[in-house]
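Labels A, B and C are assigned to the chains in the order they are written; within every chain, residues are numbered from 1.
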Amino acid sequence: MGKAKSSSRKSALLQRNRDPQHGLKVTVGIIIALLFLIPIIWMLFVSLKPDGYSTTNPLDWFMPPYTFENYTNIIEDTLILRWVWNSLIVGVITTILTLIITALAAFAISQMKFRFKKIIFVFFLLGLMIPGEATIIPLYEIVKNLGLIDSYAGLILPMIASPLGVIILKSFFDGVPKEIIESAVMDGCSHFKLFYKIVLPLAKPALAAIAIFTFIGSWNNFLWPYLSILSETLYTLPVGLPVFNSAYSQAYVLPMTANAVASIPVIIVFLIFEKQIVKGISFTGIKG
Amino acid sequence: MKAIPFLLPFFIAYLIFTIFPIFKGLEMSLYDWSLVRKLDFVGLENYKEMFTDPHFWRTLWNTTLFVILTTPTMVILALGLALFANMRTRLQTFLRSAYFLPSILSVAVISFIIIFMLQPYSGFVNTILHTIGIETELFWLTDKVLAWITIVVVTLWWTVGFNMVLFLAGLQDIPESLYEASEIDGASRWEQFRHITLPQLMPIGRVILLLQILASYKVFAQILLITGGGPGGATRPLIQYIYEVGFRQNNLGYAATMSYALFFILLILSIIQLKAQRTEES
Amino acid sequence: MKKWVSVLFGLVLASFVLAACSDDKAGGEGSDVEIPEGATEVVMWNLFGGGDAEYMQEIVDKFNESQSDIFINNIQQEYDEYYTKLLTSIASGKGPDLAISHIHVLPELVNQGLLQDLDSVDVDVSWDEFTPNILDATVYDDKHYAVPIDTHAQIFYYNNKLVKDAGLMNDDGTLKMEETPEGFRNFLTTLKDKLPGDKYPMAFSTAGLDSYRLWWTFYTQLGGEHILTDDLENPEYALDLDKAIKAAEYLKSFYYEDEVIPLNLQDFYSEFQSKNAATISTGVWATGIWETTEDLEFTAMPVPNVFDQKGAWGNSHTFVIPFYNDADPEIQQAALEFMEFATDEGAIWAEAGHVPAKETVVNSEEFKALPYRSDYAQVAEYVNFEDRNIYSRGLRDIVMRNLDMIWTDEVSPEEAFKAIEKEVKDLIGG
C-alpha cells in the first residue's frame, strides 16, 4: 500500500509539473470554496453582533465588537436546544433501530434457509420503489389511527424499515467467507450467536455507512415531522427553527444565532468524522 | 422457521409503514376524506378532478421545471467540484470540506441564511450590490424569475456536496495506468479528460443523474421555507400543493389521489433507474 | 490522535445532554409550566403574536391568580399554520381543551363536528351582554358554539411629527386630506415630495394578509358586499367584478404609479415603529404596539373613506371548545368559566387595540378612558366582515394568492379576478 501511494504521488508530482494551469485551477477552486463558505461565515459573524444590530455596509458585519450574549439568550430563553436534542434523539434511535432490524433481516436472507426466501426478498426490494413522500397522506392516516401523532414513536417507527439497508447488508453478508460460517456452525454456534459474534463485527463498514446515511436522513427530515408533530416541545430542528425564525424579519442577529446554535454541533462532528462520512456516502451512493 | 425472529421486526415495520399505506392511499383516493374522518364514497371523482385541476398541472410543471433546471447543472457542478477537489494540492482537504459543508446543515438553517442574505434594502447581497454601484433594488424572493434562480442556486449549493463525493469516488477508481499510457502517447490534458476521465465516469454519472431526478421530484422543504411557493404560486411544487389540499383545505382524499400521481411518476423513474443499474452491473 | 478525537466527541455529546437536561429544568418558553396542585388544567391554544399575545397572557394570568381550582395553560401557536394544526390536533384527539378561532372559520369547524356545543356545558354565560350582530355569527342551529371576544378592523395610523413636517396636519391634529380617491392619493404624494428621501410616505406590505384587507376595505367602500353569498354551506359566487377591479387598481397605483409604498418591505411594522414611515395601514391590534414604542407619537383613525360609502375590513376573535368523544365535563366547565371571565375583562383586551365584544365593556368608563380606541371605535359599527361559510379559509387563500400577483405586477387585475372566479367556483363545487 505504502509503495503504491508513493509511486502515485510521484506521478502526481510529474503531472503537476507538467500542468501549466495548475496554479490557476487551484485559485479558482479556492474562490469557489470561499463562495460556498461565505453564507456560513456570515451567519457566524452575525451571531456575534449585539442584538438588534443592522447595517447597510456589508463589511460591517464582520467587524468587532463581538459578543456571546446572544448565545446565552438563545440557549436560555428559547427551545432551540430542546429541538436540537429532539433531532439528536430521534436520529440516534431511528439509526439504531434501523441497523438492528435491517441487519437481522439481511442476515436471515443471506445466511439462513427457509421457504419463500426469494419471494420475501423480492417483496422487500419492492420497497425501494415506494418513495415515502408519495405515501405520506395515507401514512398520516395510519399513524393517526395508531394514536402516534405528536410522539417520538410516531416520528421514528415509520422511518426504520429501510429496504436499501437490507440490500446493502445482504450483499455484504454474502461476502463473508463460507469457511468462517461453516466452522462456526461446526462448533455448534446458534444462528443468533453467529449473527452477533461473527457476521456483525465483520460488517462494520457497511453498518457505519448505513448509520451515517440514516442519521443524516433523519436529521434533515422535514415533511414527516412537519405533518405529525403538534407540540412545540416535540419539534425537531427543521420544523422548530422556521417557527422561531419567521417571527423575525428584519432583526438579523437572533435568528442567525439560532441557526448557529443548530449548526455548530454538526459542523464539529462533520470535521471530526469527515473521512468516515465521505466514505459512507460513496459506499451507499454507489450501492444504492 | 428459525428465520422468523430475524425477519419479523423488519417485516412488521415494513408492512405497516411502507406497504399498507399504498392500499390505504388507494382507499382514501376513492372517498371524500377529511382530516377528521372518512366521509362519502365518491368513486373516481377525485381522479377526474385531478385531471382537470389547473393547480395540479401547474404544480406538477413547477416540480418538473425544478428537475429540468437543477439536474444538468447539478451533474456538471458536481463533476467540476470533484475535479477541483481531486487536485493534488495541500488544500485538498480544505476544498473537499468547503464544498461538502453546506450539505450537512439543516434545510431550515440554509433556508433562513438565504432569506436573510437576500432581503431587499438591508440584506447582505443587495447591500454588496449597492456598494459596487448597482442601485436597482433586486427582489430575490418576490420576483418570479429571481425566485426561481434563488431556489435553483440554493439547492445546488446545499446538495452538490453529496454528488461531488460520488464523483470523487469515481475519479479515484480510475486506474492511474490509463493516464500514464496516454501520456506516453503524448495526449494533452484536455484529451486525457475527454478520452479517459469522462468515459470512466460515465457509469457513476448516470447513477447520479437518475438519483438526482428522483430526488428532485420530491422537492418541497427548501421551496416552502424560502418562497412559500410564491410569488403567487410561481414556485409551488406538487408536494406543497398536496400538503395544502390535504391539511389546509382539509381534503385528504384528493391529496391522496394526487399522491398517487406522484407515486406513479416516481415509480417509473425508479424502474428506469434500477434497469440502468442492472445493465451497469452486467 | 484517535483517542483525543473520541474524547472530544464524547465531550460534545455530553454537553448536549447536559444542556438539554438543564433546559428541561429551567422550562422553555410555554413548556413544562407548573400546574398548581389540585387545579384542573385547561390547555388553551392561541394564534396571537406581538401585543395581542401579551394582553391575552395578562388576562390568563389574572384568571389563574384569581382562583385556585382552574389553571389555564396558554400556549401560543404559529399563526400561519394555526388552523391546520387545530384541525389535525382535534381530529387526532390530541388538541387543546380551549382555543381561539376567527369568526369566519367557525362554520367550517362546526360543519366538521369539531366544536362542542356550549349550551350543553353546565355553566351560565351572560349571552345578553354581547353585541348582538357578532353573537349571532356564533350561533348555529340555535346553539352557541363560540364566545366572541372582539371586533377588529383594518385601520390607518400616522406619525404626527412626519405628517406635520410635511404640512399636512390641521391644528386639531386631523389630516389635511380630502376623503376622495384623488384626495388620499394627493395626500400620499405630497408626503413623498415633502419628506426627506429616506422617509417613506406609507409603510405597507406588497403581499399577503394586509394587502388583502386593504383591498377588501376599498372594495366595500365602493359598495362591494362579499365574494360569496351569505349561505353557510352552499354559497354562490357573487363578486362584484367592476368594484373588485377598481379597488385593486386603486391600491396598485400606490405601489407603481405613485410609488408611495416601497415594494417588498420585509417588515413594514418596524418601518413605522422606527419613524421611517409617515403612515401605515393595518389592523387595530397595532395600537398596543405603537403605544409601547418609545417616542412614537401617532394618531389612529379609520382607513380614509375615499369612495361612495363607509367600509373597512373586519373580523372577530372567539373562544371555542373543541369536541372530543371522551371529553371531561369538568374541564369544559372550567374552560367556559374562563371565557366568561376573559370577556368581562375585555378592557385589558382592548389595550391591545381591539373593540371588546361585550357591550357592557364597550360602555364602561374603563374602556372609554383608553386613548386612541375611541378614534376608531366607530369603525366597529360599519365594518364589513370577511365572508363566513365552510369554505372561508380556502376562499381567503385563493383570493390572497391571486391578489399577490397583482401587487407584484405579474398579472392585471382583470386576469387575477378571472382566475379567482374559476378557482373559487372549483372550491365551492359550482
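Structural remarks
Methods note: contacts are C-beta pairs under 8 Å (C-beta built on N, C-alpha and C of every residue); 3 or more make two chains touch, one makes a residue touch a chain.
This one's a predicted model, so the numbers in the text were calculated from it and none came from an experiment.
Viewed as a contact network, the protein chains are fully connected, with every chain touching every other. Contact tally for A-C versus A-B: the pair with more C-beta pairs in contact is A-B.
Relative to the whole-protein C-alpha centroid, the nearest chain centroid is that of B. Between subunit B and subunit C the centroid-to-centroid distance comes to 37 Å (mean Cα coordinates, whole Å). Between the CA-based centres of subunit A and subunit C the separation comes to 40 Å, rounded to the whole angstrom. Subunit A and subunit B have centres, each the mean of its CA atoms, that are 16 Å apart. For subunit B, the set of residues touching two or more other chains reads 119, 122, 247. Along subunit A, residues 227, 249-250 each make contact with two or more other chains. Along subunit C, residues 88, 91, 266 each make contact with two or more other chains. Within the complex, the subunit B residues that touch subunit A are 1-3, 5-7, 9-11, 13-14, 16-22, 24-25, 27-28, 33, 81, 84-85, 87-89, 91, 93-102, 104-117, 119, 122, 124, 127-128, 130-131, 157, 162, 165-166, 168-169, 176, 179-180, 189, 204, 207, 211, 214, 218, 220-221, 225, 239, 242-243, 246-247, 252, 255-256, 259-260, 262-263, 266-267, 270-271, 274. By the touch criterion given at the top, residues 75-79, 81-82, 84-85, 88, 144, 147, 149-150, 227, 230, 232-233, 243, 246-247, 249-250, 265, 268-269, 272 of subunit A touch subunit C in their complex. Those residues of subunit B lying in contact with subunit C across their complex are 34-37, 53-55, 119-122, 137, 139, 142-144, 230-234, 244, 247-250.
On the subunit C side of its complex with subunit B, the touching residues are 83-84, 87-88, 90-91, 108, 112-114, 206-207, 262-266, 393-394, 397, 401-402, 404-405, 408, 410-411, 422-423, 426. Interface of subunit C with subunit A (complex): residues 5, 8-9, 12, 16, 19-20, 23-24, 26, 28-32, 49, 75, 77-78, 80, 85, 88-89, 91-95, 266-267, 270.
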